[in-house]
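Both complexes shown next keep subunit A, but they swap its partner, so subunit B is in the first and subunit C is in the second.
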Partner chain A sequence: MFLRVPLFYWVVFFLYPLLAIVGLSFLSEGQLDFTAFQRIISRAYYRERLLFTFGQAALSTLLTLLLALPAAQVMATYDFRGKTVLLALATLPFVLPTVVVAAAFKALLGDLGLVNRWLMHVLPLTEHPLPFERSLALILVTHVFYNYAIALHILSGYWRTQSMRVEEAARSLGCSPWRLWLQVRLPLLRPALFSAAALIFVFCFTSFGVVLLLGDVQHATLEVAIYRQVNIDLPTAAALSLTQSGLLFLLVWLHSRWSQADLHTPALQSSTSRTRPPQNTLEKIWLRTHVAIATVLVGAPLLALGWRSLSHAAGPLTPEHYINLTQIHQGSLLFVSPLTTIANSLRFALITTCFAVILGTMAAYWLAQRRKKRRRFPHLQHALFMMPLTTSAVTLGFGFTVVFASASTPEWFRALRGSVILIPILHTLVAFPFVLRCVYPALKAIAPSLREAAATLGAAPAQRWFRLELPLLSHGLFIGAIFAFVLSLGEFGASIFVIRPQQPTLPIAIFRLLSQPQPANFGMALALSVILLAICAAAFASLNLLRNSAPGEIRW
Partner chain B sequence: MWYRNLILFLILFSLVPVAAQEDGDETTTLTLLTHDSFDLPPALLAEFAEETGIELRILRAGDTGTLITQAILSANDPLGDLLFGVDNTFLSRALAADLFLPYVSDRLAEIDPRFWLEDEERVTPIDYGDVCLNYDRAYFAEHQLAIPETLLDLTKAEYAGLLVVQNPATSSPGLAFLLATVAVFGVESGYNYLDFWQDLAENDVRITEGWTAAYFGEFTAGSETGTRPLVVSYASSPPFTVDEETGEAATGSIVAPDTCFRQVEYVGILRGTENEVQAQRFVDFMLSRAFQEALPDSMYVFPVHPGAALPAAFSEHAQIPAEPVVISAAEIAAGRQEWTQAWLELMLR
Partner chain C sequence: MNAQLPAPFFQASGIVLHYGETVALQGSECSLERGQILCLLGPSGCGKTSLLRVIAGLERPAAGQLTLQGQNLLPVPTHQRGIGLMFQDFALFPHLNVAENVRFGLKMADLTRREQEKRTAEALTQVGMSAFAKRDVAHLSGGEKQRVALARSLAPQPKLLLLDEPLGSLDANTREQLVVEIRHLIHAAGLAAIYVTHDRGEAFAIADQIAVMNAGKILQTDEPARLYRAPRSPFVARFFGQENILAVLTQEGDRARTELGTFKVRGQPNHLLIHTDGVETSLIPSNRAIAGLIRSSTYRGNHYELRSVHHDTVVKHALAAHHTRAPQVGETVYIRIDPACVIPLADDG
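For the complex of A and B:
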């Protein structure tokens, strides 16, 4: 009974809001009503949103793969100095909050950004030469930045498992470099390419913060269109949200099918260590080119973010933007001093972490129990708990909005609206499946004989749990907790729907400051972004504590 | 071991401040929920605090559209004690959601009777402003361009790429301008407001989410990086662009007949407040001469109090349009959502 708490939680905070969205899009005053759907089918605007969403996702995916494919070959083939550092650096974007990334690209390529400032200084110009601000190009570049690491890891990982012999045979038969790529490498890599492409496509399909912050008002993915409709007509927003969720589930399903079917086929012959230093000048140039691309792509926006957060129009470096953060004056945009938003975010993230660790562990035990009873559909519950992860953040936040706006909502649910735990509850929805994923394998790995031995030796159940199981699970729990913490810190798409203006989180504060045109607000947004980035990086760095200890060694 | 201590500390840190925050302080603090453009001299609020012992905190929730949505979504547990900044364009939405408690201030009798609302005690008018097109004088002089005189002029080729407007779903001047076009061009067949907007789109109009982004981000006279010499703003904006040396305003507003929309901003006491009496005192204060006279300089708007003296720059450079467009509150209430949605579906493509 006790272990079913995660299931109740899932029903109340995930299923109920989702059903509320379904109800709102199909029902009007208790009657079936298809007006909202008719509207989104008949108006060109909504069709174009769909096309734009697919189009930008396809373009982003294509660009990412084009850049990552040769880089993956470099990583899989050559040894060179700084390779580990570069790989670690390339992974960084994946854990960065969207608002931080958006801020970084504005700091690099925006009207007030580093490149434009520098060009104006060097050329000398009075106006910024590069019109990247609010362009589709900026959205695409940011998506590439985000997904480059994923593509690189999937492709180079798969590449390493493939035999070199086919390639060597082709080469000795006089195959040209072009034919080598087109007829040997690409077909061999096809499963990994498909898998990476599907994953990147899904991420870009649900892109919200990046498009909202970097795009023009005309650039709207379905997510952004839902967000805009909330101010106008809730049923239309609900119908859009339902359409978006349906398409997303379909995409995720396709991805899981592709990656399951193909990625696990055994390689022809895998060799463990076959990376080598580049042999001739041509190879050296090729290697350096791709190392340079990766370094610039990942490094430049982050450096620009740091640099611009410390600089004014043209003058010397100054901590002024950071000092501004401590102040709250009458005309300030935020109700609280921007520094308070850091405390808010840390507090929300810590509560989320506690919730997620408790719920995730309970869910893991519950699933393990059910598994033993050999129920039908053993994977069903697992898949259910993972659903919040495959639902877009905007839909999660919007679901809460709909529940709060509905007259039939129970009073206790409504009371959450004013509560500090509302944000942690929302964040826990996406955080606890992560903990579950980290804990469940560890739990399954505990041999029953261990428990039995402990019981035979006279350990009480509680003692058994604290002295035996908890230490064995701690490794997974720690990783899950860090993920929950960072997820909550950077969460933006769902929070923006339910946040109370007097308790803004860091990402919300960054968003509001970035949407204002004044340079002072821009500077503060960048300074806050640097702080958020530092906290996330520190949290992930703490995962290294695990490296020196085998599972179970961390004591609580 | 340090581990356990760290985790205990983190858990305590996460819970203690929450408890402390919930307690609140003992002195009466009123929270005024408002939009991002709200501003007042701190001295005025200090004066109010001294007189009444009530401290005012200002909570900016975004653009007016966002503000009203936020207020409606948290209707049962209001985000503040009063809401200021709901105007005649969004008023129907706020009233339909029954956000406010009735209150009729004694000072209401002192204000211009034109702003009284019939049979409506839940909101009190505080200021008004005319949403009009503003232009950059230097740009038009330099390019020897004539100032547009009607809304339809904006669709002419010589004004291509010059105008920036706001999204009416989020911005209140944006909605006001949309309503002006509805009033001028109508919704019936023939050349209606959507045809006009279609032509504006073909004439490369730029759209921003809010007024601040349009005026300080895109308008040539409001921003260093701006590229648009025409902006939807207020007839009262030009006084703020007066050059101290020459005494000339850098911008002007177009006040020709049928180009402007009169916006009245209201304050209401939010249902669910625990400080109703104090909130009423603040409403009274907002109608006082001192407050009304501070409005033009801090918020670019005109006082509803006819006795309030205007600052010199204002009486000199702000123009009041003689014939703003007329569109009744009932018409706005019936059509606002449909017009906004049709606009969005046409313009944000």
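For the complex of A and C:
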């Protein structure tokens, strides 16, 4: 009974808001009502949003794969100095909060960005020459930055399982380098390409923070449209959200089908390690080009972010933006000093981590117990718990808005609105499945004989848990806790719907500051982004320390 | 049971255990004294591990009684029974090193740190693993793991030690060496132990008493030599490699008639066992010998194992190899049966 708490949590905070969205989309004063959907279909604006959402996702996916495909070949084929560092660096974007990434690209290519300021200084000009801000190009580049690492990992990982012999055989049969790509490499890679493409498409399809910060009214995805509709027309927003969720569900389903069908077909295993140093000048140039692209793509925005947070454009370095963070500015969009938002975020993240660790562990035990008793639908509950992960953050946050706005909502739920734990509750929806994912395999791996051995050695049930199970789960728990912490720190899409103005989190503060054109606000936003980035990077670095130590178990 | 006798050190009686629909134990009984090693021997799936788990408190029997030093064990939870259990897969804790594994039970007993360290060191010395104290258990060989597991279960000085096929996962050479060591260690510690195995060679080497189990029941408990010499039922006889089991056709007084002749017996047995060791074999005819034709001949090193047909009955017997030529299939062979090796058998369970 006790272990069912995660299920109740899931029903109350995930299912109920989701059903509230469905209700709001189809019902008006208790009657079936399709006007919200009719509005969506009839208005050109919404049709354009749908097209834009698909279009930008498709373009982002295509660009990412075009860049990542040769890089994956380089990673899977060659040995070179700094490869490990480069791979680690390329993974970094994946764990960065969306607002930090958006801020980094504004710092690099925006109107106030490093490149524009530098060109103005050198040429010299009075206006910024590159009109990237609020353009599709900036959104696309940012998406490429985000998903490059995912594509690289999936493709080069799959590539390594392919036998070198096949390529050698093709070459011995007279295959030229171009035909080798077209007739051997690409066909062999097709399953991995499909899987990576589907995954990247899903991520770009649900892109919210990046598009909200870098786009405008014309450059807005469905998610941004939902956000903009909330204060204007709630039923339309609900219908949009439902449409978006339906499409997303379809995409996720397609992705899981593709990746299951093809990625697991046994590839030809290479007998020896296939990486080698580049052998001739051409290979060296090819290798260096892609190392340079990867380094610039990942490094430039982050360096620009750091540099611009410490400078006024092209001037000398100054800590002014960081000093500004300690003050409450007159007429500021934030009601508090920006530093307070760091404290808010850390507090929310810590509470989220506690919630997620407790709920995730309980869910893992509950699932393990049901499995042992051979209950029906062993995978169903698991899949249910994972659903918040495949639901867009905007839908999660919007669901709460709808519930709060509904007259039939129970009083205790409404009371959450002013509560400190509202944000952690929302973040936990996404964070606890992560903990579950980390803890459940570790729990299943504990052989029953270990518990029995501890019992026969005199350990009481509580001692068995503390001295045996907890140490064996600790690895997974720690990884899950770090994930929960970082997820909560960077969470933006759901929080923005329910956050109280006087208690902004770091990402919300960055968003508000970035939305203002004044250079002072811009500088503070960048400084806050650097701080958020540093906290996230430090949390993930702690995982790397752990990876090689300790016996046991979870490798990730 | 005679009320005058003192109660045995450990006793299990009438143990019944179900796993869902399957009956794992149906009224198993066994007992042993302090300092004795009892071996539960039987084919796999006969319920010997289940009986061990009931004794350890890891399974709750549907019926039966368990007493240790006169105390009823059934209501006592596993961790308070003071019964050590050594698992077939060793169940070493992967997050602890060798010494920490051995120390686990001592910690649970709330001994002082000094006492814990002393007894851990002693236990490791006993099994010859002192040099491995700080080693990660994942890096041990099978034999080493087995020693650590033994040290771990010995260290808290349990009243009763249970060993569940402790050599099952080791290779034959390591097994032969360790079985002698285990017997020595258990006796040196003055422990009562129950040892589960399906290997009769292992059982002979280690046990003071062997209980042969089949289908959830203990069929016969005896000293190893008596069990081998005088099994009481066809199952036990066959389990120890005996094949010459004859049905009793008719019985008049103490004379029982079988296909192979009439033998003097005690009681009213349904079957007679002609023990292989009691069949004298010769290729030369002699007085009162029964002639037969050899059906198969297998060279076994110091003897030929023969199966020959006498009066429509197949008899298994041995011909010492050192003073004869190889017997041929189809050849005539002569056997004489030692009346002392004709053993009456009751029906199985």
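Methods note: the second predicted complex is superposed on the first by the 544 of 556 C-alpha atoms of A that agree within 3 Å, B and C clash if a C-alpha of one lies under 4 Å from a C-alpha of the other, contacts with A are read in each partner's own complex, and residues count from 1 in each chain.
Note that in this section a residue touches a chain if its C-beta (ideal position, glycine included) is under 8 Å from a C-beta of that chain, and two chains touch if they have at least 3 such contacts.
From a predicted model like this one, the values you see are computed outputs, not experimental measurements.
The superposition on subunit A brings subunit B alongside subunit C with room for both. Legend: residue contacts after superposition of the two complexes on their common chain; A:Leu350 is shown touching subunit B, with no touch to subunit C.
In the superposition on chain A, contact is made by A:Ala447 with subunit C only, not with subunit B. Looking at the shared chain after the overlay, A:Glu48 reaches subunit B, while subunit C stays out of its contact range. In the overlay built on the shared chain, the residue A:Leu457 is in contact with subunit C alone; subunit B does not reach it.
By the touch criterion defined above, A:Leu468 reaches subunit C but does not reach subunit B. Set against each other, subunit B and subunit C differ in how many residues of subunit A they touch, and the higher count belongs to B.
With the two structures brought together on chain A, the opening angle seen from the C-alpha centre of subunit A toward subunit B and subunit C is 150°, to the nearest 10.
Minimum Cα separation between subunit B and subunit C in the superposed model: 16 Å.
Shared contact residues of subunit A with subunit B and subunit C: none.
On subunit C, the positions that touch subunit A within their shared complex are 56-58, 77-85, 87, 89, 91, 93-95, 104-105, 107-109, 136, 138, 152-153, 156, 162.
Looking at the complex, you find that subunit B touches subunit A at residues 1, 3-4, 7, 10-11, 13-15, 17-18, 21-22, 31, 33, 36, 39-40, 42, 45, 57-62, 65-66, 69-70, 72-74, 76-77, 79, 167, 169-170, 207-210, 212-213, 216-218, 223, 225, 337, 340-341, 344-346, 348-349. Partner subunit B is touched in their complex by these residues of subunit A: 43-46, 48, 111-112, 127-128, 217-218, 220, 228, 230-233, 236, 330-331, 333-335, 343, 346-347, 350-351, 354, 401, 404-405, 414-415, 417-418, 420, 500-502, 512, 515-518, 554-556.
Against subunit C, the residues of subunit A that register as touching in their complex are 447, 449-450, 452-461, 463-464, 467-468, 471-472, 550-553.
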